[in-house]
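What follows is a set of structures for review.
Both complexes below contain subunit A, partnered by subunit B and then by subunit C.
So, the complex of A and B:
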């Protein structure tokens, strides 16, 4: 006999989380079993369990699995960063790509590649001789630096949500122009690796990428319970939040830093995948309905699902010349985005 | 009494604007003249002058007449066009963040041109401005539709425009990935540059820029009323349903002309109208004229820097304009009493 009357709609929303978990596993399975190389399902299963043909094992363990995991982690990062940014800036359109973080990573990566090509000019035209293994680190550093810069110039005035957004747009636009210009001015025939990265791609992402992302993911998820209450309060105006006893500036900065770190590390690994951070929190909010506590877990699950399915679509539709995931998310994201923007008062 | 004191300063302001424009044009001319002497093969001032006045078909006069002079003129024209477009968009939306870049017009013009360049190589580049116009207009229409006219919440327009640009940018990047060997030249164009632009390209974009500017000048009264508010404008008998789309088309004309030639040169369209506003012109007509002069000057200077700073290589002019225009933009956003404080 519960004294609290259950709210209508609670019935099916209770099943939402398990359902999405099942969907995560389903999309994972789909992504593993489907691919350009047609593998026998039983062979795939055997490879997963550690035996099976060497060919299947190489494809599954060395190519598909790390790639999918990298995608899932990156999807979680983008979605979480989007949710955090949207909450604290009180702007339904906030997204790592709109806030200058992606552009900072992009500028850092293009600057780094151009510099490294010229500093030890071996006359190489092959990808292997470029220091691509450093790209995630450089991209992360660049994204964080851009985030920090935006934070600093916004901090000099008032650390308002509007100020942060405007500074993000401004700095992002400048960095983007410089990044593209740098690549066009000094890049050479070796641009394709960079272009692929710019489009946002999971091509040839291996275990080292997943392992690079994992610490960020774990740290980000671990800190979520701690910032849960501040996050709720940051939705309010600064004065209102303060009246609840929130040290607004400190908490705002902390959440912003977490969002920047999540977004920057993901951008560093897979490139600026647009719209995931923007759309997924809205999908989560829509599904959660009148159960706000569900938004956070739903965002995480949906981020992983969306990335995995988008990558799968890009792999299957494009064939051997796969479509970069950034293009897939851009195309799929636009109708959703338009609907969203029109709905926003 | 009020009439007299009203007319007096107005005249004086008009005269001031004339002087300002004359100064800007003179500086531009000086920059263009200086640009004749810079380059991989530096010319002395006398040699450049001699080649300019008496073209004789030798190397010097080829350098001056087919490379450096038309290129600088193209840069001036392009910058002027982008500035006028930015001014129109900002007036139309009363939104300080509007500009060819942040409303999606540039990205919309670029994406279909890249697509045609890669997939329809047979198509003559004469049609590129038309394609760019169609693309730019559709992108702007989508942006404005999303942001509901863009004058309710300035930030909304910028976010909508960036989202549209991001989408088109993703498509453009994908097309670039498919294009293979043409990537470097396309990329250079994408970052905005006047390298190798000569008389044909100048002539190709001139009518678009001129047309846009002249039409904008013809509409200066409408623009003046538009600057007030939608209610005031329709209260004065302005048919907004007619004029808003019309002005949008006029604003897209110069971008459509400039984009196929020089690519999307960043920030000129956004920053120039704000610089011009600091000069306090009276009325849209003078504003447009000042925008032409200022945008031209900025781009010519940026182009000169871009092609002489890293000789013998050349950097895209987009980097330079971003470095000039970006800080202005950031300053704008930073101002304490900025127009958008509390509006978003």
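So, the complex of A and C:
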């Protein structure tokens, strides 16, 4: 008895993944060649190959390339974290900010800055003297701590998806309030670095940021084949999933940990870029249609594309005063989400 | 095959199951009956190892279930809870494929045997033509059969069903019962099912366990249940057992309050 059914629409969906890979490369190329500083395309190409003018080389190799790569990695992190969280909480609106991860990172960053400003007492209001190089690490630690805290609360009774979502929202709100409270009355130019980070930005992100993210990305992607099937089963009730043979609590915890690590590291580096984690999985599911195995790779590719293009748009539209990527994703994300939700059955 | 002795499960201060004991022979069909809240679902969840009992042990082929992983349990036993939910966009076939998780695990590819099991599960529930339909587009009866199909794909020798016929019309109810009977007689599958319809229980089951407030008050064949007089007491109804065909199961005929009133008023008039 053969059960290889004919799958309607399989023809065009087979081209989807190669198409998106091409789009990843195209958006990468666009982001490299376009920018506020008008560089001659041939100059840019030469710079990429290690020749060209020192000015072009500095702009391309030291500024644009690391910034784009950081954005792509962060985009993959947000999108994957969103997909994982939406699956295990069975909540289509779950994303890192809903789970308190973003707020945890935010509180850690603002707390760290307040502490460092007053403990060093440099008496300066300039940004340069703030220890910004520590922000990714601090943000990641804060996000992970918040995720761990929420997990512990939820784990004490059971790991019901509703409970963990509500815990995430409640804890996130408290952390957010404290984070904002820390900044209150904290006038002066120092606020700028915080505000820019809070909006979610790729401004001045360099190689060290891409390198900071890379281990998380590699670990996250490497573990995906292991959690592929559990991820499907985690979308059922715990009773059903366990009856099918899944060790629910172990797998739930593993997936939640991966999601938190991906989200927290990305928030730590670029700040809470909203809507990427929420929308990209929906786009991927919409495109994948009845081919669930496609959702995971599509989410990864779309995460990189969306982040790169959103950052490019923010760079080009804003001119010298670029628009932070978080603002772009928020503005473009809402109508897209509404459109996708209307199309979803 | 499957047995447990003195199983007790509490939800907070309330004892939902109190000293539950059962022993099943291979291929046996067992009905769990009892009023709402008498512990039928709890008993099934305890038997499938989904709830850790306060006391007692469940044994599958002599081995304690508490020492097995979920996958080891799923190999031997498949449990279909009451009104399970699935992601809306999932198709029938995708749901049934999940039933093979116990066999394929995290990495192994679906091979010929897996595909055959999935095909058989779809065929025997009559769902093969609907395999590509998404679950949200199915009727209640079709959805219930899709879940049964997923449980069948698991190819376990023990099948626990929690009210599999609820919300189905009589046609589908009989279809489910016939399927259970076929599985038991042709494949030697041991079936335990919680079921509300007393007459269906008596007609299909080899033995019946009657639960009341978490305790087993009867364990035996239908004829003895009819003779015990327990049904009327436990369910607080009046009625009588009648034998419709000489070699068939007994049939319980409930007296409706309204019908009795009519009879008494006719007598006085």
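The rule is short, and it goes like this: the second predicted complex is superposed on the first by the 327 of 345 C-alpha atoms of A that agree within 3 Å, B and C clash if a C-alpha of one lies under 4 Å from a C-alpha of the other, contacts with A are read in each partner's own complex, and residues count from 1 in each chain.
Keep this in mind: contacts are C-beta pairs under 8 Å (C-beta built on N, C-alpha and C of every residue); 3 or more make two chains touch, one makes a residue touch a chain.
From a predicted model like this one, the values you see are computed outputs, not experimental measurements.
J.: By residue count, is subunit A touched more by subunit B or by subunit C?
T.: B
J.: Thinking of the overlay built on chain A, is A:177 touched by subunit B (first), by subunit C (second), by both, or by neither?
T.: first
J.: Looking at A:218, would you say it contacts subunit B, subunit C, both, or neither? Reply first, second, both or neither.
T.: A:218 contacts neither subunit B nor subunit C.
J.: One more residue to check, A:36. First (subunit B), second (subunit C), both or neither?
T.: Neither partner.
J.: When the two structures are overlaid on chain A, which partner does A:166 contact: first (subunit B), second (subunit C), both, or neither?
T.: First partner only, subunit B.
J.: Does the superposition put A:230 against subunit B (first), subunit C (second), both, or neither?
T.: Only subunit C; A:230 stays clear of subunit B.
J.: Pick one for A:240: touches subunit B only (first), subunit C only (second), both, or neither.
T.: Second partner only, subunit C.
J.: Let me test your reading of the model: by the given contact rule, A:204 touches which partner, first (subunit B), second (subunit C), both or neither?
T.: Neither partner.
J.: Name the residues of subunit A shared by its contacts with subunit B and its contacts with subunit C.
T.: 344
J.: In the complex formed with subunit A, which residues of subunit B make contact?
T.: For this pair, the touching residues of subunit B are 97, 101-102, 142, 145-148, 155-156, 158-160, 162-163, 166-167, 170-171, 173-174, 176-178, 183-184, 187-188, 190-193, 266-267, 310, 313-316, 318-319, 321-323, 326-327, 329-330, 332-334, 336, 340-342, 344.
J.: Which bits of subunit A are touching subunit C when the two form their complex?
T.: 1-5, 7-8, 90, 225-226, 228-230, 232-233, 235-237, 239-240, 242-248, 285, 290, 292, 344-345
J.: Per the contact definition, I'd like the list of subunit A residues that touch subunit B in the complex.
T.: Touching subunit B: residues 91, 93, 97-98, 153, 156-157, 162-163, 165-167, 169-174, 177-178, 180-189, 191-192, 195-196, 198-200, 274-275, 278, 321, 323-324, 326-327, 329-331, 333-334, 337-338, 341-342, 344 of subunit A.
J.: Using the touch definition from the top, list the residues of subunit C that touch subunit A in their complex.
T.: Counting only subunit C, the residues touching subunit A are 45, 48, 50, 69-71, 73-75, 78-81, 84-91, 93-94, 98-99, 101-102, 104-107, 115-116, 118-120, 122-123, 131-132, 134, 136, 150-151, 154.
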